[in-house]
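Heads up, the next two complexes both have chain A, just with different partners, chain B and then chain C.
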Partner chain A sequence: MQSINVYIVKRLGQFFLVVFIGINIVFFVTHATPIDPVEYSIAAAASFGSTSPEAINMLRESLTELYGLQGGIWDQYLTFWKRIAVADFGPSVSAFPTPVSTLIGRAVPWTIGLLLTAIVISWVLGNLLGGLAGYYRESRILKAAGVIAMGLHPIPYYIVAFVLLIVFGYLWPVMPLGGGYQRNLAPGFNLAFVASVAKHSFLPALSLVLVGLGSWFMGMRALVSNIVTEDYVTYAELAGVERNRILTSYVMRNALVPQITGLAMSLGAIFNGAIITEQVFGYPGVGTLLVSAVHAGDYSLVLGITTISIIGVSAAVLIIDLLYPLLDPRMKAG
Partner chain B sequence: MPVLRTLALAASACVFALSAHAQSTSLPRNQTLIVENPEGTIKNPGWFNYWAVNAGGRSTGLHQLAMDTFWYIDPNEGIDGVWDNSLASEKPIYNADFSEMTVKLRSGIHWSDGVEFTADDVLYTINTHLKTNGLFWSAPVQLNVASIEAPDKYTVVFKLKKPNSRFHALFTVRWNAMWMMPKHVFEKAGDPLKFAFNPPVSLGPYTLHSFDPNGKWFTWQKREDWKRTTVARFGEPGPKYVTYVDPGPPDKRVIAQMNHELDIIHDVAPEGMFTLAKQSKTSRGWFKGFPYAHPDPTLPAVVLNHQNELFQNKDVRWALALLIDIKAVSMASYRGAATISAIQVPPTGMMPQYYHDPMEAWLKDFEIDTGKTKYKPYDPTAGKQIADMLRPSMGDQIPTDPKAIAKAFGRGWWKPNQQVAKELLERAGFTKRGDQWYTPKGQPFQIRITTEGETRPVMTRAGTMIAQQWRQFGIDAKTVVAEGGNLIVQRNSGDYEAIMTWSVETWGGHPDLSFFLDSWHSQFVAKAGTPQPPRNWQRWSSPELDKIIEQVRAVGFDDPKGVELGQEFVKLTVREMPTIPLMAYNVFTVMDETYWTGYPNAEDAPYTDPVPNWANTKYMMVKLKPRQ
Partner chain C sequence: MLSILRDLLRYNREFAAGAVLLAIVVALAAMSAFAPMPPEDVYVVPPDVPPSWAYPMGTTSRGQDVFWQLAFAIRNTLLFGFIVAILSRILSLVIGLVSGYLGGIVDRVLMSINDTFIVMPLFPILVMFYFVMKDRMSWAALALVMAGLGWAYDARLIRSIAMSLRTRQFTEQSVFSGMSTSQIVTQDHLPYVMPIVFSTTMNNINWSIGLEVTLSVLGFTNINTPTIGVMIYWANQHTAMTAGVWWWIFFPVALVIMTFIGLFLLAVSMNEYIDPRSRLSRMRGTRT
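And then the complex of A and B:
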């Protein structure tokens, strides 16, 4: 029992250290960017309309003050940690004065909804089909599934996405080209809205599933292929245990441990968003928000998103580390 | 395999169930105009306070349909002439020394909540900007306005801190301008920098219907009392609803228009336009045929950094210009669909009749003397040569009438001449050893041309072609990419050698050049490394130019002397070649006539710029009529 407590304390310590170092790195990297949010705002303000140079100089001073950018980097560093402590990332510079937390809060549900669904579906399908393919190696259908999964896997993601768009958005236009839900539909928890969200998420999710499924499939098939040659599986077969039971209880259960680690890592990275997916399908989410924040030099927003992402990935690793002793008795012993 | 069969059945069921869900929007399609908003997804869609800098979307329909101000100048010919008195009932009235401007307001104009627009709103707008720093127009108001008063409900008088003959430009729409604030809303709102103005109270003919909390679309609905707005003078707006959307990347815009789900594409790559022209019978550009695009009153150029000693000698600048083959640049950038200009004025709107045509004779006679050779560089047939080059592949789409060719492809440009370029460089102290040119200091002559990469592919292709042409002559020229915020910082701080951008923008319809020219005065040139105010990105200082600008400041906006001074500016810049002008910024705005007719076009309805992020497109709404 004591060894488990030490294990937990160590993992918690690692978690806090990783989060602290990660956030520091992000802070200094974002502040090292040459992009000046004030100049960005001025360019947006002056790019089309009539603006006198004197007025621009004056506006520059006003915005620097308004955005709170006068202090040195150490002042901003201290302010940043004070804000982190109360989960406040301050106002977004590129959407001033809206708080960063509001912008992230608006985007996160979409990203989680899409990625969680896509990751879970591709994980379940990939592992199920991979497990079956590794065990029933003679099945033609499963061999064909393996060829398809391996064929799709190396195709660049954006190609798959555009092919889906062209097929289902243009040649056979049954799916919307983009957006999170039907235009002019009032958001709400009702059938029409939920169906519309599901419909708009279908192609983005399908593209993620098609590309993601391959790696789970191949990983699981390889693991199962190794496990089926183990003595205990041979023994079970000789003892007349049902094949389906051998597959589920003897083979796949053992093969799942590394796959669960992979799943946890993928789930933790959800907060990074799916940048290309969101861009190609015009899907609302954290990825699009992050790209626009980087282009605008919006430190606060970049810091907000990356901080949540660091915490998300680290927390996922922590949880899986803490769950390992339950999944793998060898951890308990060691 | 029962498991596989079940999975396959479940997947099929999902596809058909989702497909069965209605595709169309809930608004009647034949009453809804769907327009691309090039701002993309708006981060802060619930923010409609335009007066706060960069806080929300602008071309979401907000400034096209809901805002208004005193005057509009059309970039083309205008719906009833180039100048329109919008909230003002007449043109600005200045006193003799331009230190006072009086504005007479229209009566009977109402905000969408029923309150009448009066001089009180103007006073409130100006006074709020006078006492609040950081609003969009705080700085120009604080710099110019000493006080404002309203002698009556429909008259305002601005007392200026110093004479300014172009003060009205602040309230004259060219893309946007200083919009009027509703006093009765903002005075109750507290800090104007932190007020979202949601829902916005509109002064235009539409009011907000709904918007996507994720910033993908905004829908506006025609006001029932549209007759109490300024565009009512020109008729009833056609569309009942107007939706501004973020349709995504260019390929998706093309697909969306082929599916008739996007009536107006703001801009696509030339290839996208050609695809639509070929495959969508209902799609059209500004020109019915080639080159399709609308030439915006903006002049992309090779902007050379005058704070870099390499480009301080006009012989070098002219040598670089004479190494460019504009036909190749036109083909590389716009696939030939460019409207070229040899002078520092965009060949668009009404500009050719004020500048290009009258100056043609002077340009033909203009001569460069290298000390060894006298050379007349102007080739008046450059536009025609481009048209001739395209005719074999484009057939009847390419006009044969010289006037039509000039309108579509531009007039003349500079004849490439490597010998003259060589003599000019040698006179500037450059030498050629082997295949490489060296600077007077003995360094290899290197030029890095900054481009915007995929953000602005047309200009990137132009820069790449120019770099190639310079390289063939022995100059070590390459393009480098800077996008988004990086580009802004590099351009604004002068951290570049040459850059593909523009520092010339005009009103389009009106010959006055002060819109950009005033900012070219040497008083505004920043020190190297410090931010340069727009638009003199080249950081060129010239006493002769300063003199012209000061003379422009002293004459009235409509004074014919302004055109004379503008032509003097053109002559000076031809002699000095501070930047190398290339072409108009051609925007491939594509309009689908499936649901709507009456779009502006070059042939018979040049009443405004179709590029839909311009606030001037409010006039388009009254010309659009439903087809069905």
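And then the complex of A and C:
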């Protein structure tokens, strides 16, 4: 049990380090620039029209405090952390006076839903196909699958999503062009709404899966073709264990462990992909919110989304890291 | 060196395919030197002309020749990827080699920072950079920022090689003959990691071009410097797809996909060249 405690403490430490460095980058970027974000945001807010002088003053105070622009640099730094600790990013400028945290809270479930679906499908499918391709090296179908997965893998999320949108949205319009669900449906837990959500998230999820598949496929294939040469696999083969059983319980079971680590390490990149994809399809998640916040000049919203993204992704990595000992019994034995 | 290249071209299909794809892309980029008009000029040719003999890739709604525009765009995009890759290679080499060679507390500290940058979602941070910098965010500034964020994954790879090199006998001999740490790292260990550095360079160029295209398409870079992403951005601004000006979208997208696959194939085949085990299986495969 000793070693597992050390492991948990280490992972927790890494989590706090990521959050700490990430927030510091955010602080540095927002404070080392020559632009005065307060006046900039107020100008942006005023251009929306209906803002009263009181509201502007309130906004100026709130923004000055939020951006930590009162007092010395050290005071600014502390206020910055305090606001983040209670997840209070102040009111959104483009959707005044809705708090930023409400806007993000509304978008987060969409992003998590899309990400979870895409990650589970691409990870399971990629590992399964990769394992089969590594074990049955002569299969032509699996080789062809490998070529396709490898060919799609280096193309960035944006381009894949964009091409899918053009093909299935314009050239062969079978899929909706964007949005999260059909406009005239009221959100609720009924068949029509769920079906609509599924239809609208099909293309975004597909583009994430297509790009993600390749790396799991290649990783698993390489791992499996290494493990197959191990003595215990040869022994199992000689002992007459069924080939499929060897593949699942002897070979892939062992190869899964580094693939879990791989998932934790690439989560940040997958998250980037998801928010890019969302924007292409106008999916109502964090990515679309971020891009519209930049276009609207909504400083607090951009700041809020960046901070939440850093904390969210590192928390997800922490969860995977903590689940890891369950899959790798060696961790428990120490 | 040249004979290695020749062998790779002859025996490694992935390398040959990647090299051909990249050669086409680079040739197009080189053509930009012969362009009849500067890339920033608009309305120099009739707008919205479909591909023809006079305009092989058609013209844009802004009155630009897609072919020449594309030549400039791919030149800038490649150059961008290359600069980011070179800068971040330096960072990852230094951190990877030092961390792997010294080990202990230095290694632990550097790797904690390293893992932090691996996990960090970079896209929102890049967007934030643009948001505060706005038009001051030049092409070069973006390259610097991305190099500063994109070294981590490969530093870990280089570290793992340096760690195994440290236990080799020649390292001990160098230590006993009085070479300093920096000498051992640069003279003994650097040559061993160079092949892997070349292969990660390709992947890193891919990564940085991908992000650059994404940011540009959203309009989050300097939209007056033509790059592939900026071209798609302008095409989107003029709703090229719904207007039926498909060539404005098709050619940049096709070219950038060619670039990605070409670079990726080079990286994969170089990895295979580095790993003797897979080379062996390939040789066996050709013999039987």
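Everything below uses one rule, namely that the second predicted complex is superposed on the first by the 238 of 334 C-alpha atoms of A that agree within 3 Å, B and C clash if a C-alpha of one lies under 4 Å from a C-alpha of the other, contacts with A are read in each partner's own complex, and residues count from 1 in each chain.
By our rule, a contact is a pair of C-beta atoms (placed from the backbone, for glycine too) under 8 Å apart; a residue touches a chain by one contact, two chains touch by 3 or more.
Predicted, not measured: the structure shown is a model, and the values here were computed from it.
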- Query: Does the superposition put A:Phe162 against chain B (first), chain C (second), both, or neither?
  - Reply: both
- Task: Go through the superposed model and pick first if A:Asn57 touches only chain B, second if only chain C, both, or neither.
- Result: first
- Query: Now for A:Pro284: first (chain B), second (chain C), both, or neither, which partner does it touch?
  - Reply: first
- Of chain B and chain C, which one touches more of chain A's residues? B
- Message: For A:Phe202, using the defined touch cut-off, is the partner it touches chain B, chain C, both, or neither? Pick first, second, both or neither.
- Response: first
- Task: Using the superposition on chain A described above, determine whether A:Tyr7 touches chain B (first), chain C (second), both, or neither.
- Result: neither
- Message: Per the contact definition in the header, classify A:Phe193: touching chain B only (first), chain C only (second), both, or neither.
- Response: neither
- Task: Name the contact category of A:Tyr324: first (chain B only), second (chain C only), both, or neither.
- Result: neither
- Which of the two partners, first being chain B and second being chain C, lies in contact with A:Tyr170: first, second, both, or neither? both
- Message: Just to be sure I read the superposition right, which of the two partners does A:Leu17 touch: chain B = first, chain C = second, or both, or neither?
- Response: second
- What residues on chain A does chain C touch that chain B touches too? 33-35, 37, 162, 166, 170, 279, 294-295
- Message: Help me check something: in the complex, which residues belonging to chain B touch chain A?
- Response: 1, 3-4, 7, 14-15, 18-19, 21-23, 25-27, 40-41, 43-44, 47, 52-56, 133-134, 136, 138-140, 142-143, 169-170, 172, 174-177, 193-194, 209-210, 212-217, 219, 243, 245-249, 251-252, 255-256, 258-259, 261, 483-486, 488-490, 492, 505, 515, 518-519, 524, 531, 533-534
- Would you pull the chain A residues touching chain B in the complex into a rising list? 33-37, 39-60, 62-63, 65-66, 92, 94-98, 103, 106-107, 110, 125, 128, 132, 139, 141-142, 145, 162, 165-166, 169-170, 173-180, 182-187, 195-196, 198-199, 202, 279-282, 284, 288-289, 292, 294-297
- Message: Quick check: in the complex, which residue numbers of chain C touch chain A?
- Response: 112-113, 115-125, 127-134, 136, 153, 206, 209-211, 213-214, 217-220, 232, 241-242, 249, 253, 256-257, 260-261, 263-264, 268
- Message: Quick check: in the complex, which residue numbers of chain A touch chain C?
- Response: 13-14, 17-18, 21-22, 25-26, 29-30, 33-35, 37, 150-151, 153-159, 162-163, 166, 170, 264-265, 267-268, 271-272, 275-276, 279, 290-291, 294-295, 299, 302-303, 305-306, 309-310, 313-314, 317
